[in-house]
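In what follows, subunit A forms one complex with subunit B and a second complex with subunit C.
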Partner chain A sequence: MSPSLFLSLLVNGVAMGMVYALLGMGLILLVRAVGILNFAQGDLMMFGAYICACLLLDFELPLYLLIPIAFIWFALLGVIFMFTIYWPLRKATYSQATIIATMGASIILQEVAKIIWGSQPRSMPHLVLNSEGDPAVLQIGSASLQWQYLIIIAVGALIIFLITQLFEKLYVGKMMQAACQDSYAANLLGVPSILTICATYIIVAIVCGICGYLVAPVFMVRSTLGTLQLRAFAGVVIGGFGSIKGAVIGCLLVGIVESFSTMAFSGYKDVTVFLLLIIFLVFRPTGLFKGKIGDKA
Partner chain B sequence: MKGKRIIALLLALSMAFAMVACGNSANNAGGNAGNGGNSGEGENVSGGTVKIGLVTAVTGSNSLVGEEAQEGAQLAVEEINAAGGVNGQQLEIVVTDEVDNLEMSVLATQELLADDEIMGIIGSMYSTYNIAAMPSVAEYGMPYLAMGSSSGVANEKNPYTWQDRPLDTAQGAVLADYVVNTLGCSKPAIMHSTQSTFQSLADQTIAALQEQGLEIPSSSIFAFPEDESNYSPYISQVMDGDFDCLIALANQAPSAVICQQVQAAGLTSDMMPLVGSTSFCSNVCITNAGDAANGWYSISDWCPGGSNDVAAAFEEAYTTKYPERTISDLAAVCVYDAVYILAEAMKIAGTNTDREAINNAMEQVEFQGAISYFKYNEDHSFATALTVTQNIDGVPTAIEAVSYR
Partner chain C sequence: MIKISNLHAYYGTIEALKGINMEIRKGQITCLIGSNGAGKSTLLKSISGACNRSGSIMYKDNADISNLSPQKVARLGITHVPEGRHVFPGLTVKENLEVGTINWHGFFGRKPYQKEMEEVFALFPRLKERENQLSWSLSGGEQQMLAIGRALMSHPEVLLLDEPSMGLAPLVIAELFEKIVEINKEWGLTILLVEQNAKLAMKTADYTYVLERGNITVEGPSAEVRSNDMVIKSYLGKFANTK
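== the complex of A and B ==
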């Protein structure tokens, strides 16, 4: 393998891993907050991509207006998602009811996106273009690295850093997690758990939306964009369910393995990833890092 | 508490609605448009109409293809009805929803098969779905036009199954011939979806390239799953290898993404010829890939505007009726031609009620369609030609029509 090919595959793998990591991190936050595995995580990303495409292509908003308006829509999406999918079923006899509801939400989000924006895929411009208006590449030796992938890596790393700081270091984040995990005690102390859960859903929806905005120029805006979440699930399990650090590392591993596996097993790329998952489930079911999910009081 | 119950009820209803929408049962695609009622000639099947079933995606991830298929069917039905119908009766299309999975496609076909008033079925655009539905088709003795192009459909030797598109055996041979003898390539890289249609087309193309004397090592074949979005690792390997041509075989939406990612990676048609399957000159591909689709060749069963008068007339009628479509796409024209084939068979059979007679008459069908001239072949396919196209300034341009039989 030539160094340029190695570099290209590595950058691609890390970028894809970063996308999975953003999705996976959202999964972990929701599991920590409400104990629910969200099967509509990828579809929140897809919906975020459609919202950005609508603001950028239909309303032709400049970036400085697009970002705050998109954030408001992402937050709104998170709130609606929480109050329609999680909240009515939070006290259901069977906790699986909410998980099933997220599966239903996945279908609904896809169909709603088609009703609003149609079934035609939409094309979004890359964030960095060359003088001819084509996607720009960074030339390192003979390797051509797409700027969009480099931006995904940079923005993804920044978001992961900020979220980690919020939930692992800051008092507010710890309070949010504690309140979510033991709402009874939180309510006794005067912290309304509905607000902390709502805040978590908003954060997750915003992260998914940003993720959608970042991948849309590369993969186009399509209702099937949500299928990327499957690899995020694999990454989260490999990393250790419940650990943000584990989810990020697991997802990066999945992205890199996926990218390099195209060299030897191109038709079996997914098989390689899920084989890795099975190996971890057999030999290290707790994943690379143990999670922080405790039983609720 | 009451409010919560109402919210829970609303949620349950919305989910139920979604499930019902996904499993949408038969609905009419407006095939009655222009229905003037029974002229009094021929047998009275159902209030003066003769019904043809259409299995396509009304909901789900392939619904864009389904929309186009219904549009093509609607246009053909309106034209035929305006010209007096079939054996004096008006045509009507009954649509069932295959969503985007094999199980639903088979169920949708069975739903049509069980309807005694339906005299022919236009099947899914996907060969795998066609093959899965074929045993039921044989059981009911229903004339069935599979819209998939895989030779696997023909290999089943089902007496009631027919195909109006050029088979992948022909596509592979024409593609290989063009790549080697016209474009002068000797070391092509082949990227293809592993969906059965494209796996089959890839196999046929590789076999045809080998017949042309080329060596195709496994390192030059890049297969990817149908739901793939990230083609960059494959493209990086193509650019890193010493290939002199890229052949890409994929569905419409993936073809647009491939064009974009090829351009984004810095690979241009000046560096090596870029040759795609028919999807690469589709409306979906060109509209979404923009200038990234320029320069791509296609060995296509349909070039919008085509290379004959019927194709040109279809294109004009279609874009006039559906102004939101700037150009037509494969699903629309395939189903359009399929309606005409079934109508022609009914006319030849002289009946609108006898499925067996209609099926037997299929062998005598011969006319100029939009895709190509249609003529019965032993493998139950009708098409006789393919078109080599190139996308120039956002327009798929026919370079030459290649008759292969």
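== the complex of A and C ==
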């Protein structure tokens, strides 16, 4: 394998891994906050992509207007998602009810997207274009790297950094962590659990929306974009469900493995990813990393 | 301070408290003893709003708190330290204490809480030593201190302590009860103490209520209750007052 090919495969892999990592991080935030696995994660991303495509192509907004308006829509999507999918079922006898509800939400989001924007995939322009209007490329030696992938990596890393900082350093983040870890005690102390849960949903929806905006130029805006979440699930399981760090590293690993496997057997890249998942499930079902809350005994 | 009349509490259709009348007097330690399943914890939960209840609970100047949510009750200055400690396992000792400030600090506030934290550290020096340790790794006694310290961070006027001695070694329990008396005497907090350990609780408290199957059966100043025949027979044992 030539170094230039290696470099471009690596960049592609890390970029896709970053997208999975953002989705996976959202999954973990939700699991920690409300204890449910969100099967509509990818569809939130898909919906975000459609919102961006709509604002960008139909309303032709410039980037500085697009970002705040898109953020408001993402946040709104998160709040609606919380109050329709999670809130009515929070006291259900079986916690699985909420998980099933998220599966239903996944279908609803896909169909609503089709109803509003039609079933025809839409193409979004890359973020960085060259003078002819084609996707711009960065030449390093003989390797040509697409700017879109580099932007995905940079933005993804920035978001992951910001969110870990939010949870570790800020007062609000600590309240959110407390409410996640023991909602009963947090409630007795006066932590407004509805606000912390709502904030978590808003953050997750915004992260998913940004993901959608980033991957839209690569995969086109279509209602099946949500299937990317399967890779995020695989990554989260490989990394271990306990920590954001684990999820990010697991997802990056999935992205890189997927990217390099396209070279050897491109038709079987999905198989490779899930083979990796099975290997982990058999030999290390707890994932690469343990959570920071240990078992005392 | 808190006056409870005709309080009923329910779990689904099961009635756990059947018309409780009691009073928690300002500046005193009031204790509530009773066997398993008598409804002691339920009574605390009814005061703090964590369970389904009806009746009237008057707090201070005749404000009825019997239909407030836990959050609002906490904001009024009644802090409930739940049974089984319930520290936030993945937060450090310091962060746990910070969470205690939420009801007066506000979600986005910037009020300093350094002074409160130092007071708590002065009361429980062990917590200061473990300041940056994740709280799941603390010993049971330290976790209980943390749970009480966290409640003290919230500027409480009334502290509801649910079985602070649960699962702790006798020496640790003795130390903890000294601290509880200190909180009552020097910090001037009113305390409602729920305990299985009837002897110790009555030694500490000024006034005692005995709860049996959802009803108050005996009440009075602790010294009197300690010599009540029924209490001796059911909770203390024959030789309780011989030494």
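Note that the second predicted complex is superposed on the first by the 288 of 297 C-alpha atoms of A that agree within 3 Å, B and C clash if a C-alpha of one lies under 4 Å from a C-alpha of the other, contacts with A are read in each partner's own complex, and residues count from 1 in each chain.
Here is the rule we use: a residue touches a chain if its C-beta (ideal position, glycine included) is under 8 Å from a C-beta of that chain, and two chains touch if they have at least 3 such contacts.
Quantities reported herein were computed from a predicted structural model and do not represent experimental measurements.
*Asks:* For A:190, using the defined touch cut-off, is the partner it touches subunit B, subunit C, both, or neither? Pick first, second, both or neither.
*Replies:* second
*Asks:* So, A:182: does it touch subunit B (first), subunit C (second), both, or neither?
*Replies:* A:182 sits against subunit C, while subunit B stays out of touch.
*Asks:* Once the structures are superposed on A, label A:270 by its partner contacts, choosing first (subunit B), second (subunit C), both or neither.
*Replies:* A:270 contacts subunit B only, not subunit C.
*Asks:* If you tally the residues of subunit A touched by each partner, is the higher count for subunit B or for subunit C?
*Replies:* When the residues of subunit A touched by each partner are counted, B comes out ahead.
*Asks:* Would you sort A:85 into first (subunit B), second (subunit C), both or neither based on which partner it touches?
*Replies:* So A:85 only meets subunit B here.
*Asks:* Does subunit B (first) or subunit C (second) touch A:114, or do both, or does neither?
*Replies:* first
*Asks:* Under the touch definition given earlier, write down the residues of subunit A that touch subunit C in their complex.
*Replies:* It is residues 171-172, 174-175, 177-178, 181-182, 184-192, 195, 291-294, 296 of subunit A that touch subunit C.
*Asks:* Spell out the part of subunit B that touches subunit A in their complex, as residue ranges.
*Replies:* For this pair, the touching residues of subunit B are 4, 7-8, 11, 14-15, 18-19, 21-22, 59, 61, 63-64, 67, 194, 221-225, 227-230, 232-234, 236-237, 239-240, 253, 256-257, 260-261, 263-266, 284, 287-292.
*Asks:* If we count contacts the way the header does, which residues on subunit C are in touch with subunit A in the complex?
*Replies:* Listed in rising order, the residues are 48, 50, 70-71, 74-75, 79-80, 82, 86-91, 95-96, 98-100, 102-103, 105, 107-109, 134, 136-137, 147, 150-151, 154.
*Asks:* Which residues, counting only subunit A, touch subunit B once they are in their complex?
*Replies:* Residues in contact with subunit B: 2, 4-5, 8-9, 12-13, 16, 83-85, 87-89, 101, 104, 107-108, 110-111, 114, 118-123, 126, 134-135, 137, 144, 146, 148-149, 215, 218-220, 222-225, 227-228, 258-260, 262-263, 266-267, 269-270.
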